[in-house]
Amino acid sequence: MRKIADFFLYFILLILAAWQIPWVINFIRTPDTSQVYFAIYSAAADDFICNQFDENRKLQRVGTDGRVYSEAEADSLLPCFFMRQLVADGRFPDSIQGVAVTPHGVQQTNLTIRLNPRDINGNLIELYPLMESMPKRVDLEMPDDVFRITSEGIEFIAVETNQIKEQKSRMFTEALQAKGFRFPALWVSGNPSTRKNYDEGYLLLDSNHRLFNLKRCAGRPFVHEFAIPEGITLTHAFAIEPNARQFRGLATDTGNRLYVLTTDYRLVLTGVESFQPTTDRILIIGNMFDWTVAVTDDYAIHHYALDASDYHLIRRLDRTFEEAADLPGLHFTSADDKFCYPRF
Amino acid sequence: MESVISCQHLTHYYGKRKIYEDLSFEVPQGRILGLLGKNGTGKTTTINILSGYLKPRSGVCRIFGSDIQQMDPLLRRRIGLLIEGHVQYQFMNIEQIERFYAQFYPGQWRKDAYYELMAKLKVAPKQKISRMSCGQRSQVALGLILAQNPDLLVLDDFSIGLDPGYRRLFVDYLREFVKAENKTVFLTSHIIQDMERLVDDCIIMDYGSILTQQPLQQILDTFHRFTCTVPEGYELHLSDAGLYHPAVIRNHFEVYSFLPADEVRQRLLKAGFPLQGELSSENLSLEDAFIGLTGKY
Amino acid sequence: MYYKEWIKTRWYLLLMFLATSGFAGYCLLRLHRVALIKGMGHMWEIMLTHDVVFVDYLKFVPLVAGLLLAFVQFVPEMYHKCLKLTLHLPVSHLKVVTQMLSFGVIAILACDVLNFVILWSYLHEVMAYELWSRCLLTALPWYMAGLAAYLLASWTILEPNWRRRVFNLLVSLLVIKIYFICDAPASYNSFLPVLLVFTLALLILNWISIARFKEGKE
């Protein structure tokens, strides 16, 4: 018995050592700022302008050809991104790429989208408030119920009473079924917040991998299916409500291809080579002309410049990370998810 | 006679400090054996080894023929243990503690013996042991051992913290119980007068070894102090294994020995000792004998 | 054996049951008060959008309760080496120590069950399954930490050597940290079964302390 207990103690010590020793070493090592890196596409330069630290840890703007830009130069090369600075300096142009622009117009079409694997890798609460998309008042309001999707249908639960709203549930279930929705849902995405300009409801991936948009319009269900070309199996969809209503969201398929979901319920394949939402981070900084899409995986950061009209690839910049800086060890948590379990 | 306790070749160190080496002794059945020794000679070490709370560096101790370190738990029913300071579960009262122990000794538990002793204590049945005096606690501990009715009793310094009345009570009760039931006892005490009333045999320990193991009466009968006067300024040069702790204070000489007076005389003369006049011999109490054997320092 | 443990700990157990239930009740009362003012819809909304679980107050309550139980149960055993008496009982040492600890484990589990019943009985009335199960699952590792704290503290208290006791304490602190690494609600879900087995297995560490006590390691 003593042997078993000793063995167990050694086992615990081994776990603690594998966990704490690399942690301490990584913690006391100075962080490597050369890995901090961010690039944005400039149509004017037809190049990525990279923000990176020089040897003195000062931020520098550098082109891929090594050319160093001054702050003012960078502002002019990225007029949409630095719109507010240009306006403040009185340098904002009347037109960009031959298109007449106003600061307001630029602001409306600028967009920033961030998707982090941590947001979807977790034990998510599968309850969703479905807001009224056509509210009588201007402001959006949180509904007095939330829905869940079961294998039989959609259920609305009144929050004040914690009771299922039978009638509403039936009405929405039937509406979904009428459009060919097969329960349960594989994936649900929406932005249940009143701090947005408008509401486009939820994107639902049904059990046949078909993608639907569900909204509540004047209290009634609105369901519309996306046209998915043959051979594409979607895995994730992300509802996005950009200010200028240019599109409905993003989606990925089993081949990790990234699609833009258009307002007319189509899929447009983007020039992004690969994006795996459960492992990669994505940052999209877009304007009315182009998008810079930065996909970060474990080994590299890939920058794609896409044309904002059809999302085709204009230019690409890849930068692999240097040898993994951190000492390997046992971890319980990860920056990529909200799970806690031991792993190496 | 069958040995209840048999310790062979015990060696123990605390770290690098040697306590004793190759120590062997036996305790025959039906005897009360007292372990005497100065502080630090390993009395508590021996008790701890015997009660199974210390693993000696080498050697083996058997009780009822079974190695203590691998003893069948049921054999512990036959061993009563009194730990230093009469410690018992502080959080229980007289009734609770009796009820608790009783379940472990089915068929041998003598509730009456316990309550007979408790009746003499002036404590309420619900009074917690933590709120008793040391004397009262000793009675509870003794009562529990009497109730357990073990064949062997191991008592670690039973006299500690007791006033003379309680000591006497303890000794008398214990002796009566042990003699009536032919029990075996192994005990230590730092108060030697108590031992004298109680024990049959003595082991007297010195640093690292046993000086002697004998029946008490034999020690009292044969161990004597011899004194005489010597010339002023005499310097003592005497080394004889049979003569213990010879000492000169001014013109007074004393020496202890198991040998008869004539033999002591012979040996002193042979060693060139300036013996003048009579060599007087005295009978000793156990305490004096202990000091004679172990020395004052 | 249970009788002795019961006498030793009964007042503390009463306190432990009352205090932990009190904390659980307090959490619910707070929730209820806010719900009265702002409406239950508000509570659902902040749970959904901010991932709040309302039971945060309970985070360290089971930990403290478990630690104190270990103290109440085992400090008297180490007082003047009372444990010698316990180990002298005609029962195998393995059984003795397992019984003493299983008493504590059962007491803690009973207390935990009571707490969970209190939480559940209110939460399931006012919240959907997805929400109340999330609250309880978030609290579960904290309650396991209480059990672990009890077993690790007893391992440390029963250890006879002071230097080794400090070592045990350090190991215990790191082990306890495992239960509090991740703050995200319900993040331990998939790890819980393994963690539970690990937690209960901590009991066997106490065999080391008992064996060392027996060998007279001081």
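We call the chains A, B and C, going by the order they appear; numbering starts again at 1 in every chain.
As a working rule, contacts are C-beta pairs under 8 Å (C-beta built on N, C-alpha and C of every residue); 3 or more make two chains touch, one makes a residue touch a chain.
Note that the coordinates shown come from a computational prediction; the quantities given were computed from them, not determined experimentally.
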Considering only which chains touch which, label the overall pattern as line, ring, star, complete or other. line
Taking the mean of all protein C-alpha atoms as the centre, the chain whose own C-alpha mean lies closest is C
Chain centre separation in whole Å, for subunit C relative to subunit B (CA means): 47
Taking each chain's centre as the mean of its CA atoms, how far is subunit A from subunit C in angstrom? 40
Subunit A and subunit B: spacing of chain centres that average the CA atoms, whole Å: 83
Footprint of subunit C on subunit B - complex, ascending: 48, 51-55, 73-77, 79, 81, 83-85, 87-92, 96, 99-100, 103-105
Can you list the subunit C residues touching subunit A in their complex? 39-41, 44-45, 47-49, 51, 94, 125-128, 130-131, 134, 137, 141, 171, 174-175, 178, 181-182, 184-191, 194, 201, 204-208, 211
Within their complex, state which residues of subunit A touch subunit C. 1-2, 4-6, 8-9, 12-13, 16, 19-20, 122-123, 125-129, 142, 144, 146, 148, 157, 159-160, 162, 192-193, 332-333, 338-342
Given the complex with subunit B, which residues does subunit C contribute to the contact? 3-4, 7-8, 76, 79-82, 84-85, 87-93, 95, 213-216
